[in-house]
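Residue numbering begins at 1 within each chain, and the chains themselves are lettered A, B, C, D and E in the order written.
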Amino acid sequence: GSADDSKLEQLKAQGFARVAIANEPPYTAVAADGKVSGAAPDVAREIFKRLGVADIVASISEYGAMIPGLQAGRFDVVTAGLFMKPERCAAVVYSEPVLCDAEAMLVKKGNPKGFKSYEDVAKDTTATIGAPGGGTEEKLALNAGVPRERVIVVPDGQSGVKMLQDGRIDAYSLPVLSINDLVKKAADPNLEVIAPVQGAPVYCDGAAFKKGDEALRDAFDVELAKMKKSGEFAKIIEPYGFSAAAAMSTTRDKLCAAK
Amino acid sequence: MTQWSGYFGLILQGALVTIELTLMGSVLALFMAFLAGMGRLSRFFVLRALATAYIEFFRGTSIFVQLFWAYFVLPFIGISLTPLQAGVLALGLNVGAYAAEVVRGAIQSIGREQYEACTALNLGRWQGMRHVILPQALLVMLPTFGNNAIELLKATAVVSLISLTDLTFQAQVVRSQTGNTLVPFATILIIYFVLALLISWGVRSLERRMARGLDGVRA
Amino acid sequence: MEWDWNFVWEIMPTLIQGVKITILATLLGSVLAAIVGLGIALARRSPNRALSRTVGFLAEFIRGTPLLVQLYFIFYVLPDIGILLPPLVAGVIGLGLHYGTYTAEVYRAGIDNVPRGQWEAAKACNLSARQTWTHIIIPQAIPPMIPALANYFIAMFKETPLLSAITVLELMNQAKSVANTYYRYIEPITLVGAFFLVISLFSVVLLRWLERHYGKIER
Amino acid sequence: MSASAPIIKIDGISKSFGSFKVLDGLSMQVMPGEKLALIGPSGSGKTTILRILMTLERIDGGHIQIDGEQLYHMERNGQLLPADERHLTRMRQKIGMVFQLFNLFPHKCVMDNVTLAPMLTKGTPRAAAEKRAMELLEMVGMADKAKNMPAQLSGGQKQRVAIARALALSPKIMLFDEVTSALDPELVEEVMNVMRKLAAETDMTMLLVTHEMGFAHDFADRVLFFDRGKIVEEGKPDEIFRHPKQERTQGFLKKIIAAGHRV
Amino acid sequence: MSASAPIIKIDGISKSFGSFKVLDGLSMQVMPGEKLALIGPSGSGKTTILRILMTLERIDGGHIQIDGEQLYHMERNGQLLPADERHLTRMRQKIGMVFQLFNLFPHKCVMDNVTLAPMLTKGTPRAAAEKRAMELLEMVGMADKAKNMPAQLSGGQKQRVAIARALALSPKIMLFDEVTSALDPELVEEVMNVMRKLAAETDMTMLLVTHEMGFAHDFADRVLFFDRGKIVEEGKPDEIFRHPKQERTQGFLKKIIAAGHRV
């Protein structure tokens, strides 16, 4: 192997890869026994196994801390539903798409403020929207013209639901499947899901590697492609509600170039 | 409902991390406290300046900033710490700076006459410090050290912000898995309180043991 | 990743927004802590055993558990019993309660440090209990309390980053939000540290001044 | 009131600290205008007696009459009840005390130390209180320091101010507890002089605890020698100091003389 | 060394605290075995002289010779250099000091207080150090309290232990600074007795600062009267106390006597 392969050799030697996750089911989750699951880590675990790395060790992180953490060498890879966007593609190197999802909003029953898009939130000067700090939804809301002080940074999904129930925010935005999972857990008839949010693109995530680890990423892509072809990929992600077809219908290059 | 026992196990794991952090942080803090506390009383300007800079810096910047720095910025100058190492480092250095002032204050609280008695008995500087001043100062420091250790215990909660799986963090996990806020938080509040009680009980019994025979001295 | 001055100037206005909230929270928290502390100190001196014991235990509990968890509790659990507080208000209440347990100790020490001879002289002068408090004890107890109180308010200032956990957009939260947006941690976190250091160094100067002017009553 | 009625009448009082009995059934009487010196070894209970008279300690048993009235008890419908705060306040008007460590109010200037109590407890107008304070400060030789703070005074000066402060309430009885023992040897004399003058000029009743036998001799009409909370011997100063009858008294005086004090 | 060479030779020393000059060109000599009493008003610099001899204060100018050697200077190649810590340590072996407030080590028992310095500074083995300590404690009458902690002793007992502790290093010169003035009057005598015995039995050189004129009289071969950092008068005790020549001395003694002290 060339110098570029050294990262993979190193991971093989230590027997595990360090991954960053977010604890946002169904993308990533920590079970009652502390075991890491969720669609993104499950895919990563399988691919690393095929590459000869026995296991993955996960640490939970805020979205905003993932890329700095990757750059600082805290993790080897981010497998957390970190959607591909041009500026992120500039900061890290992505694998081919893994999980795709549209954006959703959680509101009170009957959608009292009539939101359909982030622009609707921007127009209502009394409306506040919650989103994870550094996540895609925060940026979409800000880009749609919602002022900073009306975009509430919510630390985690459970807090978001709670704040919505308590009337502290008027909408809480996450990807569709994440919102569905939260609603199922909350079992609250007074909540309503708006999905997909109009005007918001469908995003796909990929495993994100540090710049310089392109060789590792390429090896990852090779195995990912094989799994997509063999149908094993669909077997892992579809029980979580994700569509394998959506991931296979697009490419990294398209997503990274998108405006 | 069977799930709860699993979640409780998660919280116990967190408690172990918290205890581990508290113990290791306390050891580092104690070491730094004596180093910097005595450094501030040194005859040498350079030592005094170093100790003062350390103390003022770590007391002046917030523990959060120190934690984020140790975790996110240190790697860029080539020091990559595990979350546990970063946590212990930030907590130990931070609390050590406060405890250094305790060490200094306790040493200074020993009256000048004790130093003079040492000189009159021709004890060297270090001999006097080791046999006369420190044994007395230690007793003065202990109660405040106990408070410092409790402060350190409480400060471990913030390491959850750099994703160390301590008590508070695990409570967050349980909360996000179960959707219940009251139970995990109430549970960890009680655990923290019990740990704090254990610390103050331990320090008090240590103090009693050391004060034996010294009756009337501190009155 | 290197230090980027352009980026520093770009994010400065955002961070200053955060500084304002940080200072506001500290000021409001200080006022509340001063009042809560007085309440606790008075309750603990009360001849009503049940009251003084209960308040004493609660104060111990609050002092032995992390502020971060208390904030979560106030912000996320209290709404279940119908108490819905805006983030800043919840934060100020958390700070005020937590530090109130410390200021209570300051009040107690201030009063206890007035020598017994002063109570006795007041009695020999035939002053009533009320006159003794207002003319003899309180005027002597307050000046040494001022630096001690200021000390805790400075400590509180350094703990305000905890409020970011309950969505208050104070300095630390602004910095994190900036960091999340640009994927750069070095500048915002270092700047936060610098802000804290500068304000702390100023407050150390202020504290020394307070100590010089109020620390001791010459007898 | 006839001159033969005692102004202080102590009747079988007892006092314990924890399990330690300091006074056990002590009785004694003091006539109006008498100058009394209480002497005796350390721990014999001298200070405790003064503090009980000043109501700084409570008694466990017995009775005390001051100026014909019960100190710790009130007579109500022929019954003796424990005194309430109002009763004590009224009784304390008759008694003043000067402490070993002065206990001046450090946050008030000399003048305010002296005027505070008359203004607060008797409602004396400021002008009148200050006029009287000036007279008293002149008497103790401190008039020129009226505006000073206590911290700016020497020990002897502080003690003289403390005497003026106690006198400002015009008590009938003055209690002095080792008022010179915290002073530098050279400053002792100035305080003693003030007290000698006071003893000679007023007909106040005075109780003095001291370890300075020479001073006790000059000052007192009568000397009480205490040991373990009991009066072992009493009499005129010359009798006690020159011809002590009790062995315990002799031993005590011998020790004190050997230690270099003049009798 | 001939008996006529002074063991302490103070030569024009001066000492200031801030802008306040306590000693200004003071000179004096002490012969081996002499017992010297330093008396004088408060603030006249008596304590300062002892503290300078014990190297607790530095001098600003002048020279001190102890036992033929410079105290604050070292002779190196014919030049006088300021003494370093090693030189001071060697010189301090010749000098011991007893303080007004005893300054015992509160965390060590009586025995350990006495043995600590010999074991640490001279490397005396524990057994030998304890044997010698026992002799000294016997001499001061404290042998039965060897295992007590200082807090369990009376003031007089503490001071006797402090004397034994200073003697344990067998200094040639002993300095005593008002060793009885913090004691209860009844306890003064026991300490004075120990010191009288010490003065009579050893040929150690001793300097004593005291306000107890009677004691100074009994103890000393020679008395120095100080005022404002100067020796105003010196001579045999009888001369100084009975027939002081200087007006300042007369005034001082009169005041002290008036304050109730025996001469």
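Here, contacts are C-beta pairs under 8 Å (C-beta built on N, C-alpha and C of every residue); 3 or more make two chains touch, one makes a residue touch a chain.
A quick note: this is a predicted structure, and the numbers were derived from the prediction, not measured.
Separation of chain B from chain D in touch steps, taking the shortest path, is 2. Note on chain D versus chain E: their Cα superposition corresponds to a rotation of 180 degrees, in steps of 5. Farthest from chain E in terms of Cα centroid separation is A. Of all chain pairs, the one joined by the greatest number of contacting C-beta pairs is B-C. Remark: chain A and chain C have CA centroids separated by 39 Å (rounded to whole angstrom).
With centres taken as mean Cα positions, chain E sits 46 Å from chain B. Our note on geometry: chain B versus chain C, Cα centroid distance of 20 Å, whole angstroms. Listed for chain A are residues 62, 65, 68, 72, 155, 162, each touching two or more other chains. Counting partner chains per residue, chain E has no residue touching two or more of them. Shared contact sites, meaning residues of chain B that touch two or more other chains, fall at 72, 76, 181.
Working note: touching chain pairs come out as A-B, A-C, B-C, B-E, C-D, D-E.
Chain C makes touch with chain D in their complex at residues 115, 117-118, 120-121, 123-129, 131, 135-136, 139-140, 217-219. Here chain C touches chain B in the complex through residues 1, 61, 63-70, 72-73, 76-77, 80, 158-162, 165, 172, 185-186, 189-190, 192-193, 196-197, 200-201, 204, going by the rule given at the top. Chain A meets chain C in the complex at residues 62-65, 67-68, 71-72, 88, 91, 133-134, 138-139, 149, 152-155, 159, 162-163, 165-168.
Per the touch definition, chain D reaches chain C in the complex via residues 54-56, 85, 89, 92-93, 95-97, 99, 101, 103-107, 116-117, 120-121, 149-151, 165-166, 169. On chain B, the positions that touch chain C within their shared complex are 56-57, 59-66, 68-69, 72-73, 76, 150, 153-158, 160-161, 168, 171, 181-182, 185-186, 188-189, 192-193, 196-197.
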